[in-house]
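These notes are about the structure you will find just below.
Think of it as A, B, C and D in the order they're written, each chain with its own count starting at 1.
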Amino acid sequence: MEQPQPSGEPKTRPNHAKPPLRVGMVGYAFMGTAHSQGWRTAGRVFGLPRQPVLAALCGRDGAAARAAADRHGWAAVETDWRALVARDDVDLVDICTPGDSHAEIALAALAAGKHVLCEKPLANTVAEAAAMARAAEEAYGRGRLAMVGFNYRRVPATALARRMVAAGRLGTLRHVRVAYLQDWLTDPDFPLTWRLRKELAGSGALGDLGAHIVDLAQHLAGERLAGVSALTETFVRERPLPGGAGSGLTATPAAGTGTVTVDDAALFTGRFTSGALASFEATRYATGRKNALRIELNGERGSLSFDLERLNELWFHDATDPGAEAGFRRILVTEPDHPYIDAWWPPGHGLGYEHTFVHQVRDLVHAIDDGRRPDPSFADGLQVQRVLAAVEESAGKNSAYTPVTD
Amino acid sequence: MEQPQPSGEPKTRPNHAKPPLRVGMVGYAFMGTAHSQGWRTAGRVFGLPRQPVLAALCGRDGAAARAAADRHGWAAVETDWRALVARDDVDLVDICTPGDSHAEIALAALAAGKHVLCEKPLANTVAEAAAMARAAEEAYGRGRLAMVGFNYRRVPATALARRMVAAGRLGTLRHVRVAYLQDWLTDPDFPLTWRLRKELAGSGALGDLGAHIVDLAQHLAGERLAGVSALTETFVRERPLPGGAGSGLTATPAAGTGTVTVDDAALFTGRFTSGALASFEATRYATGRKNALRIELNGERGSLSFDLERLNELWFHDATDPGAEAGFRRILVTEPDHPYIDAWWPPGHGLGYEHTFVHQVRDLVHAIDDGRRPDPSFADGLQVQRVLAAVEESAGKNSAYTPVTD
Amino acid sequence: MEQPQPSGEPKTRPNHAKPPLRVGMVGYAFMGTAHSQGWRTAGRVFGLPRQPVLAALCGRDGAAARAAADRHGWAAVETDWRALVARDDVDLVDICTPGDSHAEIALAALAAGKHVLCEKPLANTVAEAAAMARAAEEAYGRGRLAMVGFNYRRVPATALARRMVAAGRLGTLRHVRVAYLQDWLTDPDFPLTWRLRKELAGSGALGDLGAHIVDLAQHLAGERLAGVSALTETFVRERPLPGGAGSGLTATPAAGTGTVTVDDAALFTGRFTSGALASFEATRYATGRKNALRIELNGERGSLSFDLERLNELWFHDATDPGAEAGFRRILVTEPDHPYIDAWWPPGHGLGYEHTFVHQVRDLVHAIDDGRRPDPSFADGLQVQRVLAAVEESAGKNSAYTPVTD
Amino acid sequence: MEQPQPSGEPKTRPNHAKPPLRVGMVGYAFMGTAHSQGWRTAGRVFGLPRQPVLAALCGRDGAAARAAADRHGWAAVETDWRALVARDDVDLVDICTPGDSHAEIALAALAAGKHVLCEKPLANTVAEAAAMARAAEEAYGRGRLAMVGFNYRRVPATALARRMVAAGRLGTLRHVRVAYLQDWLTDPDFPLTWRLRKELAGSGALGDLGAHIVDLAQHLAGERLAGVSALTETFVRERPLPGGAGSGLTATPAAGTGTVTVDDAALFTGRFTSGALASFEATRYATGRKNALRIELNGERGSLSFDLERLNELWFHDATDPGAEAGFRRILVTEPDHPYIDAWWPPGHGLGYEHTFVHQVRDLVHAIDDGRRPDPSFADGLQVQRVLAAVEESAGKNSAYTPVTD
């Protein structure tokens, strides 16, 4: 399903006759902070049919949750997600916890008649994701929506890329090459945080970064991967234990070491259903690359290229230009007729990472108001999970090409 | 979830014993929208000593002002700025109107015991700016601060550049070359909005874009311009009259034409007090350049280069590197030890244009809390005005080199 | 005149007491033209111990060969390569023919006591390449050298990269990602030239582009690939037959179609012997990419990045720089202490593609004069061939990981 | 072998019935080396109507000249330029000496019935240049041509830019901004070579770098500068005396110091005859910029941008593209329908600095064969000299705007 065209924003004021959309959020770390910014800001910028209300935030540590709620502007606090899900004054549950709790919370929230926004990856296993997708479909019949948070679809440049691919500007697709490169594990003394332990994190670079690029590649291509061939690697297998609290990505080493049980890097090639080829790389060891999600699509009529480290730019090669004048052009995606932009700033005044969460809220609120299936749905999240499972399977059987099951 | 929570800044909660900072804003167009975002967001991200409160917004058209207030989150509305200035529940007046009203409002607000934040350029004339600077200095004696809104000092990359220059990383400065290139006037049928009429706008590209680059160049260099030699030009002298409302930058043409009375472009060279050379260009006719504020500084020990169209990057050449390994390096200014960043997102997750206004609020609130003179002060705004006046004087006398007066 | 004379290299004149190096070249198409430029120019720029002499050129069409010889500066002409090999006035045979004739000519030339320079890929099969490597080793015992023409090792930027890796600037290597992207087959009406027929060309993008990047990746990494997992694809299987003469890459379509029997694209991942991961892509369908050989190496202490479309630049990230100042730096590889440069032009005056052939001649002549094994040797060419064979094998058995045999 | 042979150009062999063009060159330093490469190579690559012959080289030091002649491939040697000019076996005199001897040699060579190629700047004074232009015009009546060596017109990218401007792709021109940035003087201990002494060099950055950019700007714009306003500066006025021989750009310091009597940097703004604005900067103090000749032209319908440090690229913004898809496109100027390219390599296989000299020879030989006035002529060189004189005059009278005289 294509995005509603984020056009001609709020020349008229929203209809305040409609009830607000009361949100309860579980988790308040990195993603909770980003989502809070999205919920707080979307209605200030876009003319939304229903105004989001930051009703309640949930965290196990009551004092910390209260502080976070004050900080980010949430009215109430809960310390048990079940209590949050049970609140009458919550219309939508926003799940920003680690992946191992997604399924349980989402299923309960849908059962309780809430809309759900769930961070990616949808779940840590295909089975969980499948249950969630079934529940989401069932809830849709009752008018409740469930969206998975693949926010990188909502960078204006990637949204423009999707629009151009859908309009046929690339013609028959031949190649999609995509990498998500970070470098925060290059230091072998970085400690063994929960992100490096399979029992907690599910997987390493694959689930964290790979999920994003599998979704984005399939979304931009407008088609699915048929199969994959994969290698994964853990470069540093013993790391110092973490001292003190820390989070997934920051910590100080303590005495003793432990074993890393997730992948540091995953490389895979694949075939799209149309026959186009794809190559993927997800790593936390690309020294000097901080958040380099790069994707390039080559088609018979043109190519598109994007790098998240320069997120206001989309590069387009139009192969139908006269040969002597053809070249990759740097489209500064800040024009009023670019996706999402007319609600923001004048041309050349760039947006940042967090705006993807504002756009996510915008699109979700519209979908709820329209009763349309959200995009990406839990079914989309499930399908990404199936690709990741095929990657792990292939990596486990000597890289043999492994079909993605339906 | 890719990476950890934004750590740094507010490890401890702000001291809520301190009173909030109640803001009254005049004007609600482009700048008013950006400032609203700044006031709303700063306290959510940074640990501020006093929490900003969006107390009242002022606009002449009551209904429109009310709608804007609702939209942007302002509590009350006024239709006369004098009434806003008189309100007891306003501690700070934020002036987002066109330049011709800055002086009158700022002087009244300071006289009424308010802190003031005033958009750039500080005023349309040196005389007005001088009166404002005097009033600001007098108010400072009474504990009231006055800041001018040169927000481009607060891009993390430019703030880092300033830090590096101050630390001596460039050594003796030789060259500063700076341009602010836009292209919204290249169409000769773009209508004669108020921005193209001297009686309203004061000047054209010079006051609008030139003020920014003169301030930024002097700020980064850490010294002032001693004199300038200038050319200005109005390429298209007759334009269609605008139809309907429109704003300074958007409008539809109507019947009839009128005369453009401001500059379309201004080019000037100059000398800094140290003897370093500077070149400036401000234009609205640089086809394809949307918001290209570019500045490069060359010193004996190194160089820095920045382009606002890629605002998360600062380029640095360290001339003390071994020759075979030296080169301009692209610093992605998203690391926790870069200015402002530790309150935001993990490395590589870039910021946008509007964040400069959040940072401006942060710095202003701290300055008020500390009782420090704000940076940039009205005196700084006055000095920029004197440079612009010297530019106009030089342009009017055959480009003769014209000293900047104190 | 901007800058000074090219100093460095030949402060002393070459020793003309030494005999010239008389060259006989087989083939005079694209590679023959490039090699001619190399042989003609190297002695004019570098102070060579022996002066190359363009003794004889060989081509089957006598008139065409004569014209090419006149054009490129070769003294004599032969129409049978056996006659060329037999000439007493030829010291070195330079083989610029298609791959299917490399083995026969090289073996004969070595047997005749000539030095040999052979274009890449060394041969169309591992068996041929192995025979050539054996013969080269045997000839080395008799003082005759055999080099394979992987010219991309001799871009100053790649040579600098090798020097930096060898000096430990990257530390432990983690990733090598490399792609060679061209786009001349995107038009489905491009005709079925000999390059698209397996019986003539051996393979498609794999042997043509893949050979270059396998060699370059291993050379820069300083280690070999242990195994690979591969996908290959032929996107367009029926193409118009070519009309008229044409060459491999240019032709006009004629009536009728034929079947493409080589790969259009090859993707493979792999492991280096050290455990570093590698990803490779070779394609003729990357719309808008003309000659984009891109390689990036990530190590624990730093990263290097190169793109042949900007061949005068090498990007280096030094992870030991202070965090706030670290970034990929663009080294303009035109300084006198960069490889090959001091014989050329002042800083910033870039070189081009053909200079790799001049450098190849320079290095080969020095190796001959020194009696050192040339680099890359036929053994290196054989090893690349073995990697390509493993790629084909893996692609043929469902992408299963396939070791590279010794 | 990646791609096909360089086709295009010489489909037919040159007409060898025509006599060769016998060249005598005066000077053999940096420019002499570059010109030698041009004369040697042009006939090997392009199908020239007359084949250049490197007949004689002239230098005051006989042994050094002999060594240079051997090195670069010149047949004979002279130690007095008058003897060279008098030789019967010389058809064209190529002047690669410093500017103070250009006039004398050129006048003598034209008087002796030779064609002349003279390095830029044409002369050190307007008077000399005027005399040369008159002599050239007179010689043209006798079938003798005189060209000035503004080689940067002959980068394929700049030649393409000229073609696009001439075809109206930019529409009405508004801005030309151009800089030539080098950094070899940033070290204050670099010694006082002849290039820093006015009596020998005429001027500093202005004549050396400024001459190039004035010519290129006017050439690309297709119109002349009407007037300029200028600043010049000498940052370091005392430098160590040079020890030993050295050249203009390289030397080792000795005891004692001397006074720099030329400009280190020159900044000027100007107006074209059409009313377009121009800004120029020439400096030897732009730390980290090695040979950054950058030019951008903005017109009503489009813009072009070029940087000599990436000389295979031309950036083009087509303002008539649909807004949502517009952007500066990077044209890789290596396609067969780009200027000069079809005689060289396949797409993406870039050229370098020295190729401008090959193209210069190609164009000059064609002009001689056709009897056409060469481009740029001595009259063009004179006009550039007049601009430089206006720059110096303006700099000397407080930057007052100074018309360029005819």
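Simple rule for what comes next: a contact is a pair of C-beta atoms (placed from the backbone, for glycine too) under 8 Å apart; a residue touches a chain by one contact, two chains touch by 3 or more.
These figures come from a predicted structure and were not determined experimentally.
Enquirer: Is the C-beta contact count larger for C-D or for A-B?
Expert: Pair with the higher count of C-beta contacts: C-D.
Enquirer: Would you kindly say which chain has the C-alpha centre located farthest from the C-alpha centre of chain A?
Expert: Of all chains, D has its centre farthest from that of chain A.
Enquirer: What is the distance in Å between the mean C-alpha positions of chain B and chain C?
Expert: 53
Enquirer: So, what's the distance in Å between the C-alpha centres of chain C and chain A?
Expert: Going by mean C-alpha positions, chain A sits 42 Å from chain C.
Enquirer: From the mean C-alpha coordinate of chain C to that of chain D, what's the distance rounded to whole Å?
Expert: From the centre of chain C to the centre of chain D is 34 Å.
Enquirer: Any idea how many Å lie between the Cα centroids of chain A and chain B?
Expert: That pair's centroid distance is 34 Å.
Enquirer: Counting only residues that touch at least two other chains, what does the list for chain A look like?
Expert: Answer for chain A, listing residues that touch two or more other chains: 289, 326-328, 332.
Enquirer: Which chain C residues qualify as touching chain D in the complex?
Expert: Answer in residue numbers: 1-7, 10, 13, 29-34, 36-37, 40-41, 44, 67, 70-73, 96, 98, 119, 182, 184, 208-209, 212, 247-250, 289-292, 308-312, 332, 334, 345-355.
Enquirer: Could you pull out which chain C residues touch chain A in their complex?
Expert: Touching chain A from chain C are residues 170, 174-175, 177, 179, 183, 186-188, 229-231, 233, 235, 265, 267-271, 275, 277, 279, 281, 283, 285-289, 296, 298-303, 317, 319, 326-328, 394, 398-401.
Enquirer: Touching chain A in the complex: which residues of chain D?
Expert: Residues of chain D touching chain A: 160, 164, 315-318, 323-332, 335, 337-338.
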